[in-house]
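Two complexes come next, and they have one chain in common, chain A, joined by chain B in the first and chain C in the second.
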Partner chain A sequence: MKALMSLGALIGVAGLLLLGGMIFDIVPSTTIRLVEGYMPMQLLFEVGCYVIGFAGLSYILNAMGMAIPRFWQGIGFWVFFLMYLKYRVYPPIPFSVRAMYGTVSLVAVFMWVSANEEDWQKFKQPIMNVLDAQTGMNKLLRYAYLFLLPILIGGFSYNAMMPKSEEPIELRTVHPAPPASTKVHGKTYTLQTSQNPYRVNTEGKYDQEYTNANIVEQGMGRLMKPNANPWDEKNQGYLKYVREGGEIFFQNCHFCHGDNLNGRGLHAFAFNPIPANFTDPGTIAQLQETFIFWRVAKGGIGLPNEGFPWASVMPPWEQHLTVDEIWKVILFEYWHTGYYPRTWD
Partner chain B sequence: MGLLTGKRVFSVVALCMMVGLLLLPIVVALPSPAIGEEAPAVGDQAKKDGDKVEKGRDVYYKTEGIVVGAPAPKTTDGPKDYPRYNFESRVLIWFANQQHLYYGSFVLAVPIFCMIIEFMGVVTKDKALAKRYDQLAYDFIKISLTAYSLTAILGGILIFTFLTLYPAFFSYLSGIFRPVMHIYALMFVAESGTLYIYYYGWDKMKEGFLKWIHLSMSVVLNVIGTLLMFLANSWIGFMMSPAGVDEQGRYLGNIWHVIHTALWNPLNLHRILGNMAFGGGVVAAYAAYKFLASKTDEDRAHYDWMGYIAMALGVAFLIPLPFAGYWLMREVYAYRQQMGITLMGGLLAWLFIIQATMIGILFLSTNYYLWQAMGRMRGAEKYQRYIKYLVFLLACGYMVFITPHTMVMSPAELKAMGGQQHPVLGNYGVMSAKNGGINVIITTTVLSFVWYMRGNKVSTVSWAKFGNIFMGVFFACAYINIIWLAIYGYYIPANVRVGLSVPQVATTLSCLFFMFALNSVMMRGAKQMGPIEWGKISARSQYALIMLATAFTWMMGLMGYIRSSVRLFWHVNEIMRDNSPWAYTHTVGFAANMISANVLFFWISILFVFWLGSLTAKKVPVESKAGIPGSVPQPAASH
Partner chain C sequence: MMDSITHKAGLLTAAAFGIVLGASFGSTVVSAQGMPEGFKKGDLAPPPSAEMIEAGKRVYFTKCVWCHGVDGAGDGPGADRLWPRPRNFNQGTFKIRHTASGELPLFDAKKPIAGQNDLFETVTHGLPGSAMPPWEGILTEEQRLQVLSFVTTELVKDRKFTDKESETQSILQLGELNPKQATEESIKRGAELVVEKKCVECHGMEGRGDGNAFNLKDDWGFSIQPADWHKCWNFRGSRQDPYSVRNIFRTFSTGVNGTPMPSFADNTTVDERWDIANFVNSLCERDPLGNPLPIDPLTDKPKINFVIPSDPVEGEIPTDIAAEAWAKAPKRYVAMGGQITHKPRNFVNRIDDIWVRSLYNDQHIVYLLEWDDRTKSVAEGKLPWAPTEVNIDVKEQDPKTGEEGSIAAHQNNYTVYNDAIAIQTAVKWKELPAPIKPRYLFGTNEQFPVDIVKWEADGSLRAFLGTGWDQDFQERDNYEESMKILMAEWKNGRWYVMIQRPVGNKKDQDYDEDTFFEVGQYIPTVFFAWDGHNGDAGRKMAVSAFYYTFMNPPVPQETYIYPVVIAVGVVLLEGWVLTRRANRKKGKTL
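For the complex of A and B:
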């Protein structure tokens, strides 16, 4: 048990040193890389390691007779977590999300330190000591709080009320609800029921499962399925259409959406927000093919009211591409990213 | 003996009357195809007269029917269709509706609790405990009785508000639902009659066969209450996903189609569970308030126990609630993709983040209460040191659950982030991760319950060690399975991903049922480390109960608003357009303020109801007081 706790303590100390280095800019945040494809779990795993590490550290210090008071354990962990979110995670997390996480972690710390009466008494003892002010130091602290707290609250109020020249925050609706149907090149398409005419098997029949089996495998590096190479000119059916869609993509779309379809094309950073990242599981992976068809055909100016603040510069591609070309380019986007279009069956 | 027989006869007659009242609406409804009856007649006439009868196609069922109703009115903004005070009519109707719903939910939920608690009292062998259960059930129904009158009054206010502010819409809706509305009114009469007999007959039918009759009355009462709610749900179901009418909104003669819309059943299930959880929360808050105001240990013990029972019942219905909600959303998506996206990915998506926050608060409060409650048991200390790990699991699950897909940020932050989605946290914003998050939270709540249930006990069965290991492994496997499925969801087609929620839910429910069952078997004849010292619980636990109830109330207000808002500018989706000046979606801030105002009003008014109830406080019989906790073994309901 002691050995395990010692190991935990070691992890805790190492983690703290690393984070300290990141805070003071001695160590870059990317020292331990967030690995693409594993980032969300890596983050949770790291925080889990810290928790175990701190438990070990607390145990060892306790055994050495140098126990950290519960009050400082609670405050310390909360501050650590805020620092972790601010300095460890990259790219930077918007303040609104850090505020949410900060509040949850504060509640969690409160739940931990007050889960039983003994711990709660330990936690609030320093506060009670200052309030009771039985010693000179505590008296001094109490007077200090008497002055500092109103100043602090006043400062917050001033900061909150002071007119600012910053750009306002935006509640952008990235995927507004589509219309029931859309008219492209004179033909009406019902979005709930229409299908990509090129998602076909070798016999030319619409076949979702066949095409799903031939997409790029997800994961690190995104691997092409064996015997499913669309650049092989002998291929017919689905893979042939993927190739044709790819050609259209690289002639028209990749300047903004990037050659890896991650929204980082040549012109991407001229825009804010940058173009959609198709490799993100929150974009095309969440949507029906017909939704993409509508968005590609109508572009940014075709966004409905719900799409406020309409922050999209995508041209209405129906003015440049045929219906067939739009369907093919969508086929390519799904093939390349390894995602499956949403279906409702 | 003669008197007893007289009572028996009276009870049987009362019960028969109630069943009769229950069946009355059905009898009335038999000829009620008043419209339906005419329809074939018209049809026959049509055959004779040629093709004079107009037929329409059902917008949902796609069946053909003979048009027997007028088309939905095309309203215009003006005093004719939208008479108004110098105020936003929508806000008035919102307020009236929400208050009616709060009270309606409460008075529908509490009798179900009464039924369960009274039943527990009847089957419990411990006489002192049985009396306590009986008294508790009586206390519950007493609170409900005053609230019942308020519900009826608020219902009247709601109808008058509709009639005076939205006459065209109400006229159309009542035209479609004419037979159902009469049945509803009659069922309300039946509900009132049953409730009064049930309440006032309590002391007369407290023993033996008569008690069973009394218990049967509570069943009848709840059947009527539930049917009432189903009927009311059919109206909102029709407004969201109309059926039984053609494209112009003309009634096609089949009332069942109008009632049984695409969203009716999911709404029914969701509302039953929601009402129960809400009712439990309100009663728990009442008990918490009384606990905090108690001056004697005896009162504290009683209200501590009452709060625990109410919380346990509420949470029992809270646990399946997210799954019922998931089904409802699935059906919404299946009905109209746009509606689903507006709700969860578009205009109203931020409200869903707030909803997730509230759900998290509910489960966190529950866990916190249970940990505090372990403080009143000797022997539960052994679990205390592990609570920090439960906090960690809950916090991680919660953070994943509330992470928005589209983050609120300034353009500068957007640029620094390098895209609309955060490459790390953006992954938490989609359904697959969120399903994992909420299932981890619920499983952890189950684990807290199991710890609570065995807090002051040590299993004496020979296979206790094996049982403990099995339980530990089961929970560990459950967590791994839930998290693994959440990750796997990113690598499969969306329709399969939606299906993954089934094994995740099954895992959580397996923990709930198997572990509860196993724990009960293991704790049979267990060695007691000490009694549960009712009343010896921290004040923080009671604030947790109040928080639980407030979060329930707020969430109900929020979800009602979301459900109603998703119709956007339609009174009846795609059938009758809202042409009032208020056919726009409120800002998130305004909606939140409005919901808070509703919550505040409800709590102030329900405090008044509680106060009224206390004026007529029935003295607890001496013999049942003798069994009040403190000196009593733990209640059966708790374990």
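For the complex of A and C:
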């Protein structure tokens, strides 16, 4: 038990040091990376670790005779959680959302400290002590509060009333519902029935199994399968078209969507919303190839009304690329990210 | 094409040059071993294993080949639409090194240690300001070493990293040299040295990279521009730490191979180099308090605030840039990307940011726009199209690779057009529900048009109505007299332009054409910029995302009254709680 708790305490101290370092900019905030797509799970896991750590810490301190009063434990945990939200989570979440989380966690802390009558007494004892002011220290505190509280609250309300220019929060539907069909270069494509004409095996037959077997491997780096190099000149079918798609991608798309298809291209920093990250499991991995076809062909301008706020700079690629080129680029995007397109069945 | 013999000869001549230089000026700084100050002789690294090379090939053909090409000649499919171009590995010419000018960079497949492995750091941190991204977090450390093993052995063809006969390594001992304090004195000395050492001839009088800007070529004959010292986040060797004086010191000590940037190790002392590095570092943009700008770790550029606040001014808005009101006005960094969505597209974008300030009074709003542009471009004679024309015929860059006839070879032979800047605001922004903005480029349609105010370097200021990306602008009449250029000056590689436009008045003006600037509201605003020497015209331009102009309201009276009322209320509440508690206790004890 003791060993387990010491381990917990160690985690707690290490975690606190890390967070402290990040707050004061000693430790770069990228030390432990937030992995795209797994961020919520990662954050929950981290907070879980902290809770275990704090339990351990509290146990150890108790055993050493330096127990922290329940009152400070409650406040401490709440402050920790606010700091965590503010400094750990990146990209930063707006204050209004943090305030919501903060309120919820405050309620949780109250539920914890008032779980039974004894705990609740312990929790409110320090407050009562200050109100009663029996000792010199408490008297001092009481006067300090008497002055500080009105000044602080007055200050906060002044701050809140001062006209400010914070960025308005913008919400948008990332994957708006696609139309039933789309007309590109004079031909109508029904999204439910269209197929990528280049998803073919070496004999030129549509073959999902074959093409899925030749995409890059999942895992760090997402490297190509050792004997499926699209740059091999003897290639026929799928891999040949992947290469052609890649050539188009690196002449047109990587400026925004990035060399690694992660939305961090050369010009990406200038745009808002930032370009789509295809390596994120929430983008092309969730979609059918024909959906991508529609989005690529029609661009930001082709978005339906729920795709507001219409700030997308994605061009209608039908102006620049032929239908064949669009299909090849899509083929390349799935190859390079190692995802299978979703199918309709 | 360069061959290895020139390189070896280059080394000898470089050494000889150092001695001659020293003899003639009497200021050579060469240590006892014949090394410049701060350098030490190093050993060549052992060759990487065959397995590493083979594994690296797989990484290369998944990730790198698209720009660097099958033979590593920097001619992949993406190459010709990039500036700077991807590296040609064949000659073994690498820019960012700890080794002396002309030498191969440090690379050891078994030692991924910062400061001891140049190529590994380049792949890890990328080259900011170019299309080379940081591969950390995408490729494992092992994979990065593997791909470099492949590149250094198979794709570097003219030189050999392990050949003791032909290669030497003189390594800058950066870890052992402590940076000098960036005191005023050191910075001042650095400022004198950059003139004395002729840095300003290429980098310009203010260090904006505007000296001799369009005549420089790299080893392969491609045009290359001197660094702009005010944008340290674009320094290729910044290793994602732009305000680090060490990286500037390193570049200055080792030179940039393959470019006209020489090494200054032979004719400066270490002390002088720190002074210069301190000075160059001091020029990089900072916040009003002199602190480095916060850098966004996702983009390695300054963090963006999408609100451009405009402060109120009593009476006339000052036209002098040094006026107090302008000095106090918050300055915003507006990131610019190439317009690559509609033809003609701007793949090689030269204007990557604008600094915007704004002030307003009861009648006008003024934008002060500053941006770095290495050349002042004014079109000679009349432009071949009407200013309202959108679908103009500007030749787009071919994606053709190779040297002859490629865009890179012609990069600076464009027809010169006007430098220009434009501010696009939405006309009926109030009719759009809260976060909705009109379509991005030149407006949505007749129903939701945009208002475009455009200044060009020939001195013209015009107002247009944009009703769609492919629709010709409608020139707005009777509008010129209400707009004014308060300032338009190009100085040492930077434009300073002050544009004044009316805030609009719903009663007197046509609501269908004009944007009304209302105090305390978020007004969607986009910026466009054109670099005339880059052949920018029409839709070939730099664009920003949607920003918001926000006119800060004057502080209302209530802001001062209510907090006091609230504070008094809190005091009363405290009194009540205390009396209650006291009474209860009394009641208990009684």
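Please note the rule applied: the second predicted complex is superposed on the first by the 251 of 345 C-alpha atoms of A that agree within 3 Å, B and C clash if a C-alpha of one lies under 4 Å from a C-alpha of the other, contacts with A are read in each partner's own complex, and residues count from 1 in each chain.
Methods note: a residue touches a chain if its C-beta (ideal position, glycine included) is under 8 Å from a C-beta of that chain, and two chains touch if they have at least 3 such contacts.
Here the structure is a predicted model, which means the values were calculated and not measured.
In the superposition on chain A, contact of A:A276 is made with chain B only, not with chain C. When both complexes are overlaid on chain A, the residue A:P69 reaches neither chain B nor chain C. Judged by the touch definition given at the top, the superposed model places A:E167 against both chain B and chain C.
Once the two complexes are laid over each other on the shared chain, residue contacts for A:G204 go to neither chain B nor chain C. When both complexes are overlaid on chain A, the residue A:I153 reaches chain C alone and has no touch with chain B. When both complexes are overlaid on chain A, the residue A:G20 reaches neither chain B nor chain C. In the superposition on chain A, the residues of chain A contacted by chain B and by chain C overlap at 91, 166-172, 264, 272, 274. By the touch criterion given at the top, residues 34, 36, 39-41, 43-44, 47-48, 51, 55, 89, 91-97, 100-101, 104-105, 107-108, 111-112, 114-117, 119-120, 166-180, 191-192, 208, 212, 218-219, 263-264, 272-274, 276-277, 280-283, 285-286, 288, 306, 340-345 of chain A touch chain B in their complex. Across the complex, chain B meets chain A through its residues 333-334, 336-339, 341-342, 345-347, 349-350, 357, 360, 364, 367-368, 371-372, 374-375, 381, 384, 387-389, 391-392, 394-396, 398-400, 402-430, 432-433, 487, 490-495, 538, 540, 588. Those residues of chain C lying in contact with chain A across their complex are 58-59, 61-63, 65-67, 70, 76-78, 81-82, 130-133, 135, 137-140, 143, 296-301, 304-307, 309, 335-338, 340-343, 345, 347, 349, 352, 399, 434-441, 444, 469, 520, 522, 543-546, 548, 550, 552-553, 555-556, 558-560, 562-564, 566-568, 570-571, 574, 577-578, 581, 585.
Across the complex, chain A meets chain C through its residues 28-30, 33, 90-91, 128, 131-132, 145-146, 149-151, 153-155, 157-158, 161-163, 165-172, 216, 220-224, 226, 229-231, 246-252, 254-256, 258-260, 262, 264-272, 274, 299-301, 308-315, 319-320, 336.
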